[in-house]
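Shared between the two complexes below is chain A, which pairs with chain B and chain C, respectively.
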Partner chain A sequence: MSGQGTFENRKGLSGIAWLSLALLITWLILPLLPLALWSVSRSWYFPDILPSDYGLQAWTYVFSDTAGVLKALLQTTIIALGTTVLAALIGVPAGRALGLYQFKGKAFFEILILAPIIVPGIAVVLGIHVVFLKTGLANNLAGVMIVHLIPALPYMVLVMAGVFANYNPLAEGQARSLGANPAQVFWYVTLPAILPGLLMGCFFTFLVSWSQYILTLVIGGGRVVTLPLLLFNFASAGRNDITGAIGILYVLPGIIVLLLAARHLSGRTAAGSLRQI
Partner chain B sequence: MTEVRLEHITKIYDRSEVVAVDDVSLTLESGALTAILGPSGCGKSTILKMIAGLLSPDEGDIKFEGRSVLKMKPEQRSAVMMFQDHLLFPYMTVAENVGFGLKMQRQDKAQIQKNVAEIMERVQLQDLGARKPDELSGGQQQRVALARALVTRPKVLLLDEPLSNLDAHLRVEMRELIRHLQQDMKITTLFVTHDQEEAVVLADKIALVLDGHLEQFGPPSEFFERPKDKTVARFFGGRNFIEGMAEEGNFSSSLTTFTLPIRCPSGAGCLTFRPENVQIGRDPSAENSFSATIQTKTYLGTQTRLILRADETELEALVNPEAARNLEEGMEVSVHVPKRALWVLP
Partner chain C sequence: MPDRWRIALLLAPAVLVIAGLFMGGLVLGFARSLNYMPLIGLNDVNLEAYVAILSSSGFYRSLLLSTYISFISTAISCVLAVGAALILRRTFIGKPIVNFLFQVNLTVPHLVGAIGILYLFSQSGFFARLAYEFDLIARPADFPAMVFDPLAIGIILQYVWKEVPFIGIILLANMQTFSKDYEAAARSLGAGRWQSFRFVLLPLILPGLLSASMIVFAFTFGAYEIPALLGQNFPSALPVLAYDKFTDVDLAARPEAMALAMIITAASALMVYGYVRLARRHVRS
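On to the complex of A and B.
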């Protein structure tokens, strides 16, 4: 497309921008309002539009030692971080293989990597549970992290495959011949080039792990309690005010990640610019 | 000062099973600039990457100063490559790019700064250290890449078509800069190119590689005066081939019997001579002369090209435009080739 064409489209694009902003607010911000209201309400009954009485008892409870919410928050964070690190360790080499190289059975591997997104976790987790019970991975953090890789890894691998598809590996050869050893090549050449994509992959992985319910419930066996588990407990117990407060805590990382990601998505990636030159 | 010796190097690419480099033996003299000349996809870059250690040969050995380097990792060889794409690291400044090799050697900061400043001045980029690579012109980027390659004072400099992305006048400028720095620093250099003129102007010796084979290796003049066979002669613009038989210093053909210079081999073969050595309009009875008809006449500016037909043989002559003034298409002329310009191919 010619440069002129893009200029002429400017006005139309800004209209689309407004529309997407409106949709973004409707879908992301508005649903949070009832949550926030619930968390500070003392009584809110049908058919009232707003709570009839307000109070901070839900928040006081959430931050109290007896509730276990803070411990769950900590565990959820540890599990999500651990899953992200594991996913990066596996996903970077796998994405490189899929993005850069041609090999036998590549199409098959691509489908295999997508499979966890298509097949629901509940279908496999019971079988995995048996294996984990035998190997001592059930009912602890490590097991939960590993099982979280099932839904999280596809995102990391797909993002990294995209990054490496736009990556020029000759830059590594150039660095080697300039005297860099493989570790230095990774640190000074590969990592800076893939970092924006890697961060995106980490964000996705973190959020996918953060929002797991069934896998944590089965493999954690009630010993590993994360925020989604608490959330379901309080929601099914009808404690809407506490559910609201935990819900707010629960969506917080998502919002932070969205803001961070928006900054990276708008910019050109370093991997892309290495390719363009 | 490092002599690089390639001994029977062969490289086969697994997937295609194409023999990229086929039994190439080559000695790069210490401090000399050797050009590998050949069309694209003939295995030139593969040779370079094997010397750098980025690929390993399937057979053969590579020696620096008589010692095999095959077991050495690329970063230990001190053989620096420079590619057609300058491959500057986009997130580093120009100065950081140039200092990259020194930083990898863990030199201290002050030392790096001093060396970088010195080499930047030699490539006339002293004011651009703080810029990012994408803020430079194509020619400047290539000079940064050259500075980055030279700053570590490598034993061997490997240049992979470093000029082919530049436009014509920058190419000449960069060519001279490379030659100047290479001679000044006395770095053994291998220069890969598909441009015959570039190879002739730059190199002390040329290795002509076609389809992974080393066709001929020698100083540039040899490729014009004593090509090994028709393929080599054609690659260097040879157009004149006369079939016949060489015996006892004479070459008998259907046109005439030529008197050969002493060094020519005997046997059935093909007489060749450069278009620029053909002389027109002398006495047809003189030695090494025959008559021919002018088919076409093309004015090239500094020269005039004549396509001649003698019997069934088509020949090309490049003559001084002044001498060609009175010649016209269809004219019957006498063609003379001086004895020293003749060469016999198998």
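On to the complex of A and C.
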């Protein structure tokens, strides 16, 4: 390899690469900026590029008791946490089965469990709605949590199957032979080994539930109001300042967790497990 | 305990949930689309809902629109994601920050992106104001319609915004799993940059690219809130049409909503299947 350094060896980026990178990152960040600006603007009319007057009235509204935004935040959080716990309880064993064992019909179960990632939620939820109505699961938090499992569970199973594919169960046998009961084996041997992957799976599952719109709308029946539902209503009504404030409130938790987990997420486990689909 | 039972026990909860909720939803939707629902006293199977839908021109326009949105969004996202991954896999100053910024909108829900696109590209949005500032337009209406427009530009922009990092991250993880030796070998044998990309790297990342774009395609075909917010009223995207029928005050529209749901399911399954077939043939050649 001679010359000015080959494509493979050269450190750093060329001017064109830097420019494209800058454009790409700008484009990825750009749509979030108007939301932030609107949330602190008092008046911002065409053709002003920036607001002509700033104020915190949108944030005051969002944090007031009467607006219902805080209640929606609480409900969104409870639903996402509940869905995550359910998905972990159901998805970890399934991930273990698919990651650790070779068995007849494995491909079938993989496709079955991953199918909800491909088939749109709206196609499923319209049909299941009548059952939720008859069983009292419609129009309440529990029902919404359960219906969120449809898109969330596949991601948990996917991540955990990836984790268990690189997991050596021998240590469990050793612990058992030393007299540990199943609970102790799980708590002291299995859990510490799978914890990083499990946290990643929980993060994905939480985000999937956190972002749901149509499933919540149909099963919640307007009684369960989450942040995205409020956001959609305010956006359609043209209340840009309040939309901006709710929007920022809505994206912050995910961004903060990503900041904390950035190191782990850039690793292979996250997207690597998606690759198996 | 033999492995077979152990596996069955481990899988049972997940299979029950998926079979119950997911398959159950599809089966019930199908039954309802045939106007069959003994639970509420409907015992006669008929195809009226399908006949009504398949004989309305609005349905075909919605189908065309949704297919068009999915194809264009997926194609643009794939090309940009491959480009981004090619740059991001290299070493450069500030890489951790760039990586973080690249991943940030993976955590941002689609709806928030859609609202951001609305504020950027509507006729009184940021870019319209910028155009006014530079005397390109005299009033908001002069700015080309990019939301609520027939070409669904705003919807496509939103999907591209959201899916480029998604596909990009999968490609990057993919690229980490094999060394750059193959490309180096190709280059030392006289392959140009394009050739070593086209004949060495691309075939290696194609499986990952395919599965990622499959997910993106199916998602963009079936998503509700983005076309509901950024799309024009008529024709609307298929999922919006289905939900509108579902909430119609006329209960007779319910079976039509279910029939649309079935058509969305069948279409996304079919397109994913065809896409995989097509792509496999390409990989071999």
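The criterion applied here is as follows: the second predicted complex is superposed on the first by the 234 of 277 C-alpha atoms of A that agree within 3 Å, B and C clash if a C-alpha of one lies under 4 Å from a C-alpha of the other, contacts with A are read in each partner's own complex, and residues count from 1 in each chain.
Here is the rule we use: a residue touches a chain if its C-beta (ideal position, glycine included) is under 8 Å from a C-beta of that chain, and two chains touch if they have at least 3 such contacts.
Quick caveat, the model's predicted, so the values are computed rather than measured.
In the superposed model, A:A115 makes contact with chain C only, not with chain B.
Judged by the number of chain A residues each one touches, C leads among chain B and chain C.
Of the two partner chains placed by superposition, only chain B is touched by A:A171; chain C is not. Contact with chain C, but none with chain B, is seen for A:A17 once the two complexes are overlaid on the shared chain. When both complexes are overlaid on chain A, the residue A:V189 reaches chain B alone and has no touch with chain C. In the superposition on chain A, A:L70 contacts neither chain B nor chain C. In the superposition on chain A, A:S236 contacts chain C only, with no contact to chain B.
Of the two partner chains, chain B is the only one touched by A:N181; chain C is not. In the superposition on chain A, A:L260 makes contact with neither chain B nor chain C. Residue overlap on chain A between the chain B contacts of one complex and the chain C contacts of the other covers 270, 274, 277. For chain A in complex with chain B, the residues that touch the partner chain are 102, 168, 170-171, 173-181, 184, 188-189, 192-193, 270, 273-274, 277. The touching residues of chain B, when paired with chain A in their complex, are 15, 49, 52-54, 73-75, 77-81, 83, 85-91, 100-101, 104-105, 133-134, 141, 148-149, 152, 158.
Contacts from chain C toward chain A in the complex involve residues 3-4, 6-7, 9-11, 13-15, 17-19, 21-22, 24-32, 37, 39-40, 80, 83-84, 87-88, 90-93, 96, 98-113, 115-120, 124-126, 128-130, 132-133, 140, 158, 161, 164-165, 169-170, 172-174, 176-177, 180, 183-184, 187-188, 193, 196, 207-208, 211-212, 214-215, 218-219, 221-225, 228-229, 239, 242-243, 246, 257-258, 261-262, 264-265, 268-269, 272. Against chain C, the residues of chain A that register as touching in their complex are 1, 6-8, 11-13, 17, 20-21, 24-25, 27-35, 38, 46-49, 89-91, 93-94, 96-98, 101, 103, 109, 112-113, 115-128, 130-131, 134, 146-147, 149-150, 153-154, 157, 207, 210-211, 213-214, 218, 228, 231-232, 235-236, 240, 243, 247, 250-251, 254-255, 257-259, 262, 265-266, 268, 270-272, 274-275, 277.
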